[in-house]
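Next come two complexes built around chain A: one with chain B, the other with chain C.
For the complex of A and B:
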């Protein structure tokens, strides 16, 4: 008797395992495309037409940023709710249904992307951001919708578990892992409204030929309404692992349960009203609105810095319980030979570096220096590409035995894998950042030009390319080792000598947290109000200027009735006056 | 063999030498690390001035500041 997850929840373990394997398949294909791009861009090995680079880039972005991350996190969230509420899901058929819907959505999205490699008419090489006027095959958008609906139903599943648990435990605090799942899910519901509107109201009808044009700035803005919070959808499960797993693996306890709750509440409130910071260079959005988005973004640094403190303090608690001493000497007492620990700790270290490049991106005027350059690619390979991906790979070494009932194939290979990822990403991401400062563009198959050379103050473009190619090669090798371990573990026989399915205790527990922190309705309401503040004026002003479906608004069938039309015109004019006032105020503040 | 290793490394109590409670725990090491991170951030923030303003033409210069600077010179 080992008390693993698969023994306590055999049916759920199957779904979690399926979600993990789906995510690993996406990681394998997306990772392969990663090395192809690296070699193509740097010019080391170009075996395909440069036009196909954008198909590869689309597949890389969608498969890694959407499929890999989200399949993994739905697995983690299902584990978290069942384990911390100590109850199975309410209806396992429903759980399989949302998982199935996500699979169908992924396949439908992948078909037109991969068709881009063939001579067929079908293609969707629109990149991860699918900005209009780039138009993908309708199947691409339809698949994305199904995938997102699948995640919504997954959220319903986790809420159902909580509601049922609450009936039986009316006076108990929400267990921390479930609290994290619920706040993240609420944030995701709000965030995905933007992409749902962009696709269902505009891009899908346009792709089907039902409407003739779209307003590109409107669909872009709706994309980023979702596009920034989606990074927290990836990051929150990684944070959850840092809060509930890392302290335990360090040999200690979570420093503060209340602080962890505050962090997740802050992410629920502040994740969405920040998306416009991806659009600092978009003409057509007034500076004042961008300033508001910047302010919200800077506030968003707070929960990440709180996390840095809480997580490091929890690790220190573990190190001191293991006999560590001194100001920095305690670091040596940490279990660095444990791949689960080493991977997560290195991921956290990389995230600290990403914090700095993120602050550069977030500053409105400094952003102009790096916007659309390779810097940005360097930044998100530190965040989603390391803080999230490396944490996910590291915890996989803990989760695999839990959901398969089999011992990990090889811990030394696992340790080598996480270290190799860290080293590879150090080379690649550092060179990408520096390339961006020289003005080397992102999303470009052949970033070299006749009669023009990027000048580096230190080093050279050739040196940067060499670092990127080397880093990419190390990352690919790291992936190979990762999959060797996944497959090796799957082929192992069942073991009855595995660690129990447990997560970290706390030094300061939930009883120290104010009750109001568990008031999810209140935080959701505040989140919605902030979104309305941040987005209603920019969206109305974009619609007023460019029309709902592009500049020729009057010629498109948007009339519902004269009364409504009058109401609409009045609202627009009132809102415009108000927004001008806000812009003027914003400009004052900016001055 | 790998199973034994799995068991040992994940058994947190194997290297557990003392129990530190809420009130005895003084996270001075955390303060040290976060302090170092803060100093790195401050250094990079100053360094950014050289990258942005000395490596390139200024991207955003406040009209007020330019006016004050020229005003100061003429006075």
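For the complex of A and C:
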């Protein structure tokens, strides 16, 4: 053995491995649902009723955006703290406890979602965002709560490790990977307060029948209080991999430890007070509040651009260490045959494209063009679907040998897998973006309308559908190759010839970083103040206008019959209100 | 070979976004490619890249550069 993770931390390696396998199971099921909905929506192969599309979409969203990503990142964060602090967790039973809680939460959430495929009364086809008045079974909300509490306890575990380490090393700087874990966890604690309030105070009591109604705008706003920063909860572990793994695999060192710390501090401060940019078209939130959210969002470009600079500089340093020369000639010297490197580099490149489409989403006026269209789906398949997912799959090829003690089954298959993901996502997300520009809506099984056809500026909608189906098929094939490697590696015998458990050294180290960067209390306080500035007035205004529990609202359990009933009731109510308003206005004018 | 096999694979993969986006870009200057024309163009580009990559870098000494090994 050559000092692998499993050799240094055998007990922790088991938890990390369990977290990874849980993540991969979610990826497998979520990915299967991905190709099913792709083929259904594009009309190439339909074997289910369109009403079931929303159950498939809910499972796809929850399993991939929540379960796959978060199980993987808790594994990475546990690896990062134990490795960089060079100490085991304080109590391995506590570590298993939070992992177990996350598993129980996932199972409880999944039960009502999957029950949606049956004739059972239980269902939770409420999509990833679970907007009221869509109402899921209480078990769905309860499971989500347990899952989030599991992640909170995981955070406590990482903080306990750091506090114990700090007692023994009072004058040392926080090692960079641990610093990244702690800032991300603090951001997560603040962000999840929103979804915890939405579920515990409103949605869960409502689904249990304890309160009669909720204020949909309030629960939506609380969801997006969490819903945007959750993107950074996925992205920051991917960033961590780009900072601490990519430079080493490139053959060099991280360009700047201080810049990396600045980036993570900026994410801690700026991730949460931006959520309202998902609600630019929500009535009931003043334009001024939306403008503040847009401004905050644009500031978030800064850490991403800093990351692009630092990571590319580190890669160039690595390439030059390997003999690369010239302005661009050094690119040839990078280890493109290594699937870990190639996957992360391609993921980073796709993230640049995602950044550009994200700027469109973030701009208040231009967002109106693409809001709720297929464009948004194309965007997040580049962010979470590629920058995060492809990075996680690529680093799996490094982590699996570390946590199993077994050599990777097949490196060539791994390289083919990451490249196939890049090509498949290129086809799929490009067509989704272009479809969105035509106004094709998202979240519908039937994007076809009688008497109306979307007209493409280039090609045709049929060609866009073909491109999406082709991309989806390539992505599915890529997943099959990924799982072949995971299973093949698990079945391999133990190897004595594995790389050591190390991460990148730095060109400019922590001693070059101002001490204030490690002042987590200060950054957390600033983050909280910014959240108060960004959210207190919008929330007060929403509550003042619509009440804490909203106007009387007919809940909408996700059954088609009841849906039509709700639509009818809402239409009658709207027409009545409108006619009353017209009569009142008429009376006023006459007067 | 002028570049490693891994780098060649990545360069070929980059043809996908290039061809997909090129169709839109060319439409701005009133050059409208069909899907078939785009596919043919893509295959042609891949062929050119393969010829460039597989062509010996220096015929005088007939040796490979270190980075391609």
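Simple rule for what comes next: the second predicted complex is superposed on the first by the 550 of 591 C-alpha atoms of A that agree within 3 Å, B and C clash if a C-alpha of one lies under 4 Å from a C-alpha of the other, contacts with A are read in each partner's own complex, and residues count from 1 in each chain.
Note that a residue touches a chain if its C-beta (ideal position, glycine included) is under 8 Å from a C-beta of that chain, and two chains touch if they have at least 3 such contacts.
On a predicted model such as this, the values are computed, not experimentally measured, just so you know.
Once chain A of one complex is fitted onto chain A of the other, the partner contacts of A:426 are limited to chain C, with no touch recorded for chain B. Contact with chain C, but none with chain B, is seen for A:346 once the two complexes are overlaid on the shared chain. By the touch criterion defined above, A:323 lies against chain B and chain C together after alignment on the C-alpha atoms of chain A. By the touch criterion defined above, A:251 lies against chain B but remains apart from chain C after alignment on the C-alpha atoms of chain A. Once chain A of one complex is fitted onto chain A of the other, the partner contacts of A:409 are limited to chain B, with no touch recorded for chain C. By the touch criterion defined above, A:463 reaches chain C but does not reach chain B. Looking at the shared chain after the overlay, A:43 reaches neither chain B nor chain C. After overlaying the two complexes on the shared chain, residue contacts for A:336 are found with chain C alone; chain B is out of touch. Set against each other, chain B and chain C touch different numbers of residues in chain A, with B touching more.
When the shared chain is aligned, chain B comes close enough to touch A:308, but chain C does not. Once the two complexes are overlaid on chain A, the chain A residues touched by chain B in the first and by chain C in the second are 322-324, 331, 335, 337-338, 457. The touching residues of chain C, counted against chain A in their complex, run 3-7, 9-10, 13, 16-17, 20-21, 23-24, 27, 32, 35, 66-67. Contact residues on chain A toward chain C in their complex (touch as defined above): 322-324, 331-338, 342, 346, 415, 419, 422-423, 426-427, 430, 434, 457-459, 463, 466-467. By the touch criterion given at the top, residues 2-7, 9-12, 15-22, 25, 27-30, 32-34, 37, 40-41, 44, 48, 51-52, 55-56, 59-60, 62, 64 of chain B touch chain A in their complex.
Per the touch definition, chain A reaches chain B in the complex via residues 248-249, 251-252, 255, 308-309, 312-313, 316-324, 326-328, 330-331, 335, 337-338, 340, 352, 355-356, 359-360, 365-366, 368-369, 398, 401, 407-411, 437, 457, 495, 497-499, 507-508, 591.
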